[in-house]
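In the two complexes that follow, chain A is the common piece, with chain B as its partner first and chain C second.
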Partner chain A sequence: MPGLLEVRRLTKRFGGVQAVVDVSFSVPPGILYAVIGPNGAGKTTLFNLVSGYLAADSGEVRFNGQSIRGWPAHRIARAGLARTFQNLELFPGMTVLENVMVGCDARVRCGWLDALFGTGRRRAANATSREEARRLLALFSLDGVADIPAGSLAYGMQRMVEIVRAFALRPKLLLLDEPAAGLNPAERQQLAAVLRQARAQGVTVLLVEHDVDLVMTVADRILVLDQGRVLAEGTPEEIQTHPAVVAAYLGEEVS
Partner chain B sequence: MSPVPTNAAVAPDGPPRARRLSEEVRHGLGALLGLLLLCLVLTFLSDKFFTLDNLMNIARQSSVNSLLALGMLLTILTAGIDLSVGSVLALSIMTMGVVVVQWQWNPFVGIAVCLGVGTFLGWLNGLMLTKLRLPHPFISTLGTMNIARGLALIVTGAAPIAGFPEAVQYVGRAFAGPVPVSFLLVVAMYGLFHVVLTRTATGRYIYAIGSNREAARLAGIPVDRVLILVYTLSGLLAALAGLVLVGRVNSAYPLAGLGYELDAIAAVIIGGASFFGGVGTVWGTLIGALIIAVLRNGLNLLDVAADLQTVVIGAVIIVAVYLDVLRQRSRKGA
Partner chain C sequence: MAVRVKTRRYIGMIAVSVAALALLAWGASPYWLSVLNVIGLYTVVAVGLSLLMGYAGQVSLGHAGFYGMGAYVAAVLSTRLGWNGWLTLPAAVLLTMAVAWVVGRPAVRLREHYLAMATLGLGMVFHIVMVEWEAVTGGSSGIVGIPALAVGPWTVEGERAWLILTWGAAAMALAMAYSLVTSPIGRALRAIAGSEAAAEALGIPASRYKLAVFVLSAGFAGLAGALYAFYVTFVSPSSFGVMMSIQFVMMVVVGGGHRLWGAPAGAATLVLLGEGVKAYLPALLPGAGGEVQLVFYGLLLIAILLLKPDGVLTGWATWRRKRSGEHARAA
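Entry: the complex of A and B
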């Protein structure tokens, strides 16, 4: 079966530095796929290549059977590929509900002429977005903060809101860039629950993450990068016992 | 926005709906209190101030700036600005003057031409900003401001045009009972845009773009299209303001609207909008425009020289924004 995301022989250099070298992998639909690796392994570069933020020197990224090279960001988002950033990208002055509604709006077709004049369609569209946003916040246990300005939430909560907003786009593939960065242990558990919920809703997730423990508990398959190259690929069990990974990254067991 | 380290928002005081509402009310409250206080003081200082005639006079005088400020609010909400509104106003009405007075075309065609010119110039502003990728609307609209002003002068060789037909003058001149039609138009437009901004996806997009443009792109918002719409609407509202002005003074002159963009910006800022985008309301802006109109009217009644009035309005802008800064600081520190 062809993957939802197919990455073939992807290479990217910055000057003399080879950030990503000849990386290939395939993400089948419906799974939670994680990319791990030490700092400087090329995780974020790979992430930016896949989401169309950087152009590859060579190689190919195919999403849902087509190349997304050169598409503008909102077209990529509407095609079903949503991403979050290491740095938070929320609308701080708007409420949590409104933040998520913006994600829902992208799917509810209502032109600006409707917005200005067609009150019936406008009202229906607005109500649909609001209901959908409320439903999603409840699904991810964030309904308690729906009416609070996103910028005044605790950092970890803002991250969850960002993920839910990305989820509101109903993406086929959700790309998450180090979602656990800066979260405390309790928030990491909440994040793991959010990730499992996303997958339970049928969304494929590609996760780039530094936190190995989190990845081992939530991921279905793992790709290990080292100095821009693929070191290993497989299920968490396979990765945990993979000799090269153990030697290079997880550290040798003290016996 | 710096991250809050504790779970500050997990325990909101009172039910969220009420809290949200009070947030909105408090936001507009400062400007509203300022307006009421100003009216109270002027009522004591001048017995001519609080009369129906004078209040309606203020309503009429404020309409041009109110319409310009509404368009300005849209651009400022997206963290932009439209410096060209005064010049767009001038070119729109000069073109209408040529069509209606010199060519003797149907007045309604003239009104359509007036609104069409404004809309077209606004659309150009948006196009230059998004498609030419000029770095900031300050630049694109500064260019349009000069081009439109120059063209407005060229159209008639700098001569004013008078003698507009009744239909063209109606909006700016007529009264419905004691209330000027121009002010009813203002209220209608503000009502319309209140709904657009608070209850539609387009409105959310406008706030979202001003709040965080990158995040807006990633959330699937067609940022360029929304920006073009915003500047187009600003142009349309500027032409509408021009139509009101023509009715009031029964003349189109090429230097009409000179410097009006600054009063419009002042109204938006006094009304509590953030210059950095994403924050601001339609009603706050209307109050801001009314404060400026009441201030000018009151200073006139008190025989304060026009030059000094400008000084006072400058001071009011600074005080209003400073109060807003204080308010935000106290909220963050709490």
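Entry: the complex of A and C
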């Protein structure tokens, strides 16, 4: 069975630095797939290649049966591949509700002429997005902060909002770039709940994470990158006992 | 940054503005009526530019070029080709938008200040074309004798009649802009200004939207320019130089770009400041010529920006918030 996301021999160089080399993996639908590796292993580069923020030098990216390599980011997003950013990228002056509404807006119909002349379609689109955003915030227990400017929220809260906003696209695949970075233990538990909720809604998740412990508890499959290359791939149990991984990466983290 | 706008508040403000305008139209001298007309025309330009600056986060330093282009299209079509004046208005708008699209297309793909640089160059090119293409534009002496706009047997003449057109256009521009910024597309524009990367990740084609709002703002400037041509009945290149472009940008900055009411407020501030300096400075400072007036004008603008860095309406908005806050507590 083909994966929802298929990456074949993907390669990216920055000058002389090989950021991602010959990376291949397949994400089956319905699972939580994690990419781990030390700093500089190429995790975020891989992410940016898949989501259209960087152009690959060679290789192939297939999503939902289509080759998406070379597509602009907004087209990939509309095809059902949503992402978050390692450094928060909320719209700080907009409220939490409005941030999530921007995600919902991807699925409403309202052209420029509708918007300028205030047609009924504009009104209906606004109502649909508002209702959907409220429903999502309630689903993820964030309805208490709906009307607060996103920029004035606590850091951990902003991360949750960013995930919910990406979720508002109703993606088939959700790419999360180090969502646990900078979160305190309580916020991590909240994040785990958000991830569980996302999966309960049937979304496949691809997670880049630095925190190995978190990954081992939530991921179904794990890809280990080291210096831009695939070091190992498998279930958490396989990864924990993989000799190369233990030697290169887990050994020093655990000790 | 962008402010949530409340429909009820807007209806109230529109009612107050219409009443104030009607009162002024009834009582004001022709001089003040002409000042009001100019503010109305500049408001149309400033509304479009504030969509571009305050909502999409881009700057244009060439809007006087689009304003001038609208004016010249109206002037040339109505005098040389004998078009009906009203028909020249959509022609001016569409042609201006087409030129903006051609110029903006490469510029919006590039980040940051490329649009500002490209439009600055464009404004200069327009100015040179107006001066040099004498066969069509009349060179530096421009085009005179633009016929009045007419509705059947009635012609739109006199400052009072023009108030309906200039402020009608301003009201239309404000209404369209309000409808736009409170639509999914308005949210997308604010999203682009907040984080282009995140906007793209949510399926928003950022460069296409930036181009569209740039073209729209050029269309507003083209409309205002065409109306201006019929209002003053002559056009010449000196009205559409780079300084005028910078004044348009200043109107948006002084008014506060992320607030639609900032457009009329900024337009009024700049026009009244200019007129005030011209009228009162010679009395205070005998012998103060044009250059000294310009210096004072500049100093006053700097003072306004230092005191109200977020636009002249800032204090008013805070006062409203405070008042409604107390209201809420009392209830």
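The rule is short, and it goes like this: the second predicted complex is superposed on the first by the 247 of 255 C-alpha atoms of A that agree within 3 Å, B and C clash if a C-alpha of one lies under 4 Å from a C-alpha of the other, contacts with A are read in each partner's own complex, and residues count from 1 in each chain.
Everything that follows uses one rule, which is that a contact is a pair of C-beta atoms (placed from the backbone, for glycine too) under 8 Å apart; a residue touches a chain by one contact, two chains touch by 3 or more.
Just so you know, these numbers come straight off a predicted model, no measurement behind them.
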Chain A as common anchor, with chain B and chain C clashing or fitting: clash
Figure out whether A:T45 sits in contact with chain B (first) or chain C (second), or with both, or with neither. neither
May I ask you to decide whether A:M157 touches chain B, chain C, both, or neither, giving the answer as first, second, both or neither? first
Which of chain B and chain C A:S129 touches, first, second, both or neither: both
Using the superposition on chain A described above, determine whether A:I148 touches chain B (first), chain C (second), both, or neither. first
State whether A:T204 touches chain B only (first), chain C only (second), both chains, or neither. neither
If you lay the two complexes on top of each other, which residues of chain A touch chain B in one and chain C in the other? 73-74, 77-78, 82-83, 85, 89-95, 98, 101-103, 105-106, 108, 110, 112, 114-116, 122, 125-126, 129, 165-166, 169
Chain A contacts chain B in the complex at 73-74, 77-78, 82-83, 85, 88-95, 98, 101-103, 105-106, 108, 110, 112, 114-116, 122-123, 125-126, 129, 144-149, 151-155, 157-158, 165-166, 169, 182
What residues on chain C touch chain A, complex-wise? 1-2, 4, 175-176, 179-180, 182-188, 190-191, 194-195, 197-206, 212, 216, 258
Per the touch rule, the chain B residues reaching chain A in their complex are 1, 3-10, 12, 16-17, 19-20, 23, 192, 196, 199-205, 207-208, 211-212, 214-223, 226, 229, 274, 278-279
Going by the contact rule at the top, pick out the chain A residues touching chain C in the complex. 51-53, 72-75, 77-78, 82-85, 89-95, 98, 101-103, 105-106, 108, 110, 112, 114-118, 122, 125-126, 129, 165-166, 168-169
